[in-house]
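Worksheet for the structure shown next.
By letter and in written order, the chains are A, B, C, D, E and F; residue numbering begins at 1 in each of them.
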Amino acid sequence: MKQFVTFGELMLSLGTTGNHRLVQSETFTAHYVGAEANVAVSLAHFGVEAYEVSKVPSHEIGQACINALRRYGVRTEYILRGGDRLGLLYKETGASQRPTKVIYDRTHSAIRQIAPGEIDWDAIFAGKDWFHISGSSVALGPEVVAVIAPALAAAKRAGLTVSCDCNYRRKLWSMEQAGKVLSRLLENIDVFICGRDDPHTIFGIPRDGLDGLAGRHRDQRAAELMLERFRLDSLAMTVREGISASVNGLSALLCRHGKTYFSPRYEMQMVDRVGSGDAFAAGLIFGLMSEFEPQRAVDFATAAACLKHSIPGDCNLSSREEVEQLVAGGESGRVQR
Amino acid sequence: MKQFVTFGELMLSLGTTGNHRLVQSETFTAHYVGAEANVAVSLAHFGVEAYEVSKVPSHEIGQACINALRRYGVRTEYILRGGDRLGLLYKETGASQRPTKVIYDRTHSAIRQIAPGEIDWDAIFAGKDWFHISGSSVALGPEVVAVIAPALAAAKRAGLTVSCDCNYRRKLWSMEQAGKVLSRLLENIDVFICGRDDPHTIFGIPRDGLDGLAGRHRDQRAAELMLERFRLDSLAMTVREGISASVNGLSALLCRHGKTYFSPRYEMQMVDRVGSGDAFAAGLIFGLMSEFEPQRAVDFATAAACLKHSIPGDCNLSSREEVEQLVAGGESGRVQR
Amino acid sequence: MKQFVTFGELMLSLGTTGNHRLVQSETFTAHYVGAEANVAVSLAHFGVEAYEVSKVPSHEIGQACINALRRYGVRTEYILRGGDRLGLLYKETGASQRPTKVIYDRTHSAIRQIAPGEIDWDAIFAGKDWFHISGSSVALGPEVVAVIAPALAAAKRAGLTVSCDCNYRRKLWSMEQAGKVLSRLLENIDVFICGRDDPHTIFGIPRDGLDGLAGRHRDQRAAELMLERFRLDSLAMTVREGISASVNGLSALLCRHGKTYFSPRYEMQMVDRVGSGDAFAAGLIFGLMSEFEPQRAVDFATAAACLKHSIPGDCNLSSREEVEQLVAGGESGRVQR
Amino acid sequence: MKQFVTFGELMLSLGTTGNHRLVQSETFTAHYVGAEANVAVSLAHFGVEAYEVSKVPSHEIGQACINALRRYGVRTEYILRGGDRLGLLYKETGASQRPTKVIYDRTHSAIRQIAPGEIDWDAIFAGKDWFHISGSSVALGPEVVAVIAPALAAAKRAGLTVSCDCNYRRKLWSMEQAGKVLSRLLENIDVFICGRDDPHTIFGIPRDGLDGLAGRHRDQRAAELMLERFRLDSLAMTVREGISASVNGLSALLCRHGKTYFSPRYEMQMVDRVGSGDAFAAGLIFGLMSEFEPQRAVDFATAAACLKHSIPGDCNLSSREEVEQLVAGGESGRVQR
Amino acid sequence: MKQFVTFGELMLSLGTTGNHRLVQSETFTAHYVGAEANVAVSLAHFGVEAYEVSKVPSHEIGQACINALRRYGVRTEYILRGGDRLGLLYKETGASQRPTKVIYDRTHSAIRQIAPGEIDWDAIFAGKDWFHISGSSVALGPEVVAVIAPALAAAKRAGLTVSCDCNYRRKLWSMEQAGKVLSRLLENIDVFICGRDDPHTIFGIPRDGLDGLAGRHRDQRAAELMLERFRLDSLAMTVREGISASVNGLSALLCRHGKTYFSPRYEMQMVDRVGSGDAFAAGLIFGLMSEFEPQRAVDFATAAACLKHSIPGDCNLSSREEVEQLVAGGESGRVQR
Amino acid sequence: MKQFVTFGELMLSLGTTGNHRLVQSETFTAHYVGAEANVAVSLAHFGVEAYEVSKVPSHEIGQACINALRRYGVRTEYILRGGDRLGLLYKETGASQRPTKVIYDRTHSAIRQIAPGEIDWDAIFAGKDWFHISGSSVALGPEVVAVIAPALAAAKRAGLTVSCDCNYRRKLWSMEQAGKVLSRLLENIDVFICGRDDPHTIFGIPRDGLDGLAGRHRDQRAAELMLERFRLDSLAMTVREGISASVNGLSALLCRHGKTYFSPRYEMQMVDRVGSGDAFAAGLIFGLMSEFEPQRAVDFATAAACLKHSIPGDCNLSSREEVEQLVAGGESGRVQR
């Protein structure tokens, strides 16, 4: 059984129900989420032993957060208890021409209150295979970077593969800041995941030479340039077409050891889009961990991301078999009975 | 801040949940609505001071109706209390090939029990800018027309711009009756809103000369003929394509001072269609009130109507910024975070 | 008023809400269903006197099952009380690329505990017009076949028309078993309904000679071969296109007395797909019972099945008028008010 | 199987959930109720064949009302379809010191639109045993009295036992009116049910001679005087102690053929009080119909009423066995497993 | 119409439903509350013009908070928009022996970010009658005290009556801190409300001389000593008996101008206890504002507090008539119909 | 950390909401429960490492069952996957005079399909401290006894303390059967828990000599006789007073090493009574495991059972601190804020 570790903020996600707007809502659904925890949950569903490292308050809401991870099979023994508050977010699921909106309320949350040395990374990483982080936790600022940077170094020391999902959030930091901080961390990262625009807008990869190329060749070229610049082992790029808040297109490419592999494209009628990037990351990590051929890995990751769109909440509660069934062509239009 | 006044029936709308049919439903959602009040709510969200004039019973359900308007920023001090009952309607939201159905239970409602002179229109209109009515309240019969007719006259006297939305409802009156009564009221109306067929079926504009024309030119010609016949300042026409109960197309034109302006066309995955006409009216009134160029006004109105389809309940709870974002191309397929 | 009788298992269907997966669900909706009972409910809505024959436990859950049928107009006086348990199923409604899943928990249920002679078929069939069964109850095994076989014989003796819906369920039996058992029962059946693949996969109709034919001609040929082989009066075939768990295409053909009639094709945005086959069967039975022309019968049946997709639960709660409105072109995109 | 008939208004009861006030409520539970229909439902649960006679609109809400009765076993074939609207009521369930409130919206409802001769009472009463009415339907005014008066006469002609529950509602008529109209109808009534104060406040039975008597002897004396004055066969009186909206005491007496029988007293933690009087009536009618000894009849009726307080909705969904278990001492504090 | 102003924190209260514990809850009810806002809502229901002064973020959740106040009739034009976050609390409603629990998440909330001079108290108080604050907002620390202290001074200058509810919360500050800060503010306060223990535990009123006295005389004596020490106009004291989380007793006394008045005692079956102190404050303020006799004022206040226990959410949505009906003896055990 | 193991059936408990009867319910809440698992959950909340041993089907409902245990901290690695079905029960929560009802549907469930040797008890018990079983699983018949008997022997061999809760269920077996089977198993049991009547009705302890004694002395004497006869280490007896379905009294005694200790008595307003016996067992086991003085152990156990009545679902989600707070007198009537 492969051993996976991730670190990041855990939050309470308060969602409206039935397409209601936030100002209409008299009830909120409560999901306990985190870009990294979502990856851990998905990997646990694929049969990986997945550990979350984080910090949540010692009160009942902190406990509820831990319970949610335990319920879905994530190991929680490395989660610290303490700090003032659990970060939270309000989520309004859009529809048709109305976009989904997220309001963050993450200031002064417990994860920013981790003391230096409070986490013993060397102990944690002993016997583990993979470490994963997300740019949306890096974005929380210096207190969190001060935890992540030594973690990356320790992970490399311990021989883990290290992955990072870019997850740029404009409500948390500017593209410039993101570029500066992430570029530094990329030194210790093997596998990087980003969206189609991120190489250009965040890392300053020039679009110039790419103008004459068709869409996917431009994506491929940008991926290759990223791989080179940051001496990555692999770079995966998701290409999302935001047709509307109800329908999206999705495809991806994986550039690995210099070769590029393209996934098929899916068009999804969306139930809940949030977390689909994390589902992609989990699918990719699972594929690479399991030493799938690169083509199979990117196909698996994209099918995993596709399935997430049909599931409420941030987590891809799909089994390996279900993802592989979709890769194999699926029978989504039939009733399984 | 612009001052807007409207008059019409307030009702309790009892809706089924989760696509259930009325005969399946053991619970109803309760919305307090009215074609005119929906316009007022939308205008309040655009920053207009919007006043509702109506009559509701003095019991708790009447109060709940007032509370619903207050909640969304509408001024309720001109709403009379009294009368036997609040009109109501049962609403079954359709899906796919099953149409949405409305059962009215509006007989003997409070609005029909307004005594002559019970409303002091001159006092109300002092300092106001715009007065709006809807054909669906006119349809309630002579008691209501007896309130509306003097209101229109008073509004013109006081120098307000007067608008009317045709809102033909076949369950309330025949096309003939509608044509007769509305034609008389149109004398005092500056801005009229109707659907593509209304000029012909209700007001007897002949289709004959239009046969050779392409769809939108026929619409334009019918609009021009209406403008002329009723000496209107502006006529707006919405063109709805009823693809199914789940998907509709929508576009509009505005014929103003002799020139015609066409909006873009939207295709909506519908959450709740009811009230989208009222959202259009509010968008148009806001545009004209704010002295937008006619093209911008019809674009704003159509985008407003489009957004309403994604919001449960009858009211367009969108801000001016949200509508303008859609006019500018939107980012409906992205998560705003 | 036509008199309809059906026999089959009644079950509790426990469904998740709001597209949740089974492992997420803390609440289940409870529907009392059965392939045959669904047909009876739909026929009751078309104005037929429809009787269910079955067996349910004598406790409150058995009673709730009977109440559900009574509520929708089905006659329940022939339902036996007793047995250990009510069969049940767990239903997870899919979306987009995620298929709908059904988990059966039907072992040792009351219907398997009907003693020989416990049902007096001759008494039941006196004065009745039509008897209907479904392959999914036949699949329950020898105890149930031991009830159905004499029922079919009795129905023929009493001069009823007898119909059977193939309803193959791979979680209940193999195609081979199905072919063997159903072929024997088909001797006493006049009207048979199946899916496009069933003639080949279950009844061994060879695909060979059909290769050169376009899709619908192949379907027609397979239908003709079935009609012949089993000396059927009519064979109806539904052709479902499983585009996704959210969108399906549907059409059908009716081969009757040697001639074949094709329905139009519908594309449905699906609310709940389960039971649409039963809705088709009810529509077809109603059409044939009412001596509609074959073309009108298959059109009515297909429109009925189409409407079912928009209704939560397994039953088509549509009236004859609503179905005919859709046959006539419908106004699904308009609000009926 | 005993045959029971009742006539009265059917209504939609819109209730708040979770102790919310009407002005807080964004959802209403929908129950289809009626003082007389509630009696019919309870009798159906005791094994009586119970028929409702009424009139409801021909739309879906009227159908939902019929479905609700069918679900709980009431025969609905005598319910007329037509009229403008279904009467309704808004119900706010109180708690502790806050009383339960009902707002009626019953004007112009279908039951007031029954044409003379539209109901063939002689046909209905053929072969029936018992006819029951309620003062709360009588209170609806002359149109309804014009149906009830001939019904009572026809019932007597046909040899049915006739019962009436006083059910005085101050929001419908004054005590004076009630006294005048009900006194006239009592000529044709055998069994009358009322509350402790009704003999005095409605029928003018003087309290004078009763002053020296203890509570239950005063009740007994008032009952005897009523029995005499109206030459009743039986008079039952319920004594309710309104301790709070959460806790009530209840006992009853039955004065039959000159002798008086007292029930035990129950103290109930109330879930839903509305309909407990109807549950009492059903229990009493069942007891008398079944020729229980008077003591047993009043005990059964009071236990039935007691159980109703624990059941949401207006109907006593208790079986005969459950009521008898409570009469026998019950095991309400134990889990039945 | 009397003019009332209050200042304090507005929060989102996330509650569990159906007696669930926080760790069980997958949904939260959302109420927008505040000790002071609750008073304003109750006063608006009594017919007072009530203004809230506060600061909430400019996003949708801030708007939802304002909407909630508008819905129940509170004037919101003095509420500032801005700041990082809306304070919130998690509420678990207890039952029987399990106490109700509140977890605060109020750090760094918008109300702490009011700049000096951002509120123009003199302008706000012009033409107003009464100003009210609560100790639970004072407890938020120096930033908030820096707003409240000048407000109190301005209110006195403008001739308003000033009241303060002690509302001691041990999760916010120590008794010592509370005593120190509140004592200083009491200089500008006319009417003070506290619980039975507060004089001793917070303000250091010695219990010594009181030992020989019966309970209510000790309370009276403590109240008199408070009145004297702080030169108050009136001191009201609520005496709560925490029998269990389901049942409480409540009574109060009012010491005014040297004389003491005792209310009757109520025993409540509790639906939601939170906010009952605010309901008491509103009742008392209304009584004193309306120049009720002191006895009537304390009776009204206590009855108001009593009714609040039966209403979900923090606000007493009772009318003046409903409170007076309870003062007069009530009819809580009867159905009002 | 103490190590606890239990074995028993896991079931899906389908409950009605809001006091509805089973026949009214259109939705069921889903809890995954088991008399023994409930004990494990409670012990996990007290800080014990608690392992469940059982068998559940390999489908999603089996997984949901495991997830529910994981969520609340129970170790699930010894739970076998396989078998036909998960046993289930329907639960109708009573109120006032209406008792709570449970309908079992546990036939042919997975736990009956454990092959001999499928569980390696010696491996499981290595390093563990305590093993617990319940009579309600023993009642399932010979297949389950064939698992339990060797488990008890293995536990004794491995030096664990062994406890058994009598949990007699009349819907599963007769008192005679229970007596015969349990008596045999008691040989290997150290701590036995039963109700007041069980010694007499199940184990044949004569009531004769006890007649002259007061209630609690009779209980004490019966406990002593049980202790002797079965050479138990400890016998705990709960005394429940079933005042109504809404209010119960509860106390207990512990007879340990020949001395008897009585707990205080609690009177509970009940939210959900089911599982309170399991909460008692967990409290007792925790007390004895932690080497509490016997008096403290029985006090802790009784307070734990008391708290469970206030929590929906079968599990006592209370912490050790919360139980001890109640033992110490509690502050149930206060809001903790």
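Of note:
Methods note: a contact is a pair of C-beta atoms (placed from the backbone, for glycine too) under 8 Å apart; a residue touches a chain by one contact, two chains touch by 3 or more.
These numbers come from a predicted model, not from an experiment.
Separation of chain B from chain F in touch steps, taking the shortest path, is 2. In this assembly, the chain whose C-alpha centre lies farthest from chain B is F. Chain C and chain E have CA centres that are 62 Å apart.
One inter-chain figure worth recording: chain D and chain E are separated by 44 Å, centre to centre, where each centre is the mean of the chain's CA atoms. Along chain D, residues 18, 21, 23, 26, 67, 101 each make contact with two or more other chains. Touching chain pairs in this entry, ordered by label, are A-B, A-C, A-E, A-F, B-C, B-D, B-E, C-D, C-F, D-E, D-F, E-F.
The part of chain B that touches chain C in the complex is made up of residues 18-21, 23-24, 89, 94-102, 104, 169-171, 240-248, 273-274. Residues 14, 21-23, 25-30, 59-61, 63-64, 67, 84-86, 90, 92, 101, 103, 105, 107-108 of chain B are the ones that touch chain D when the two sit in their complex. On the side of chain C, the complex with chain B involves touching residues 17-18, 266, 268-271, 303, 306-307, 309-313, 317-318, 322, 326, 330-337.
The touching residues of chain E, counted against chain B in their complex, run 67-68, 70-73.
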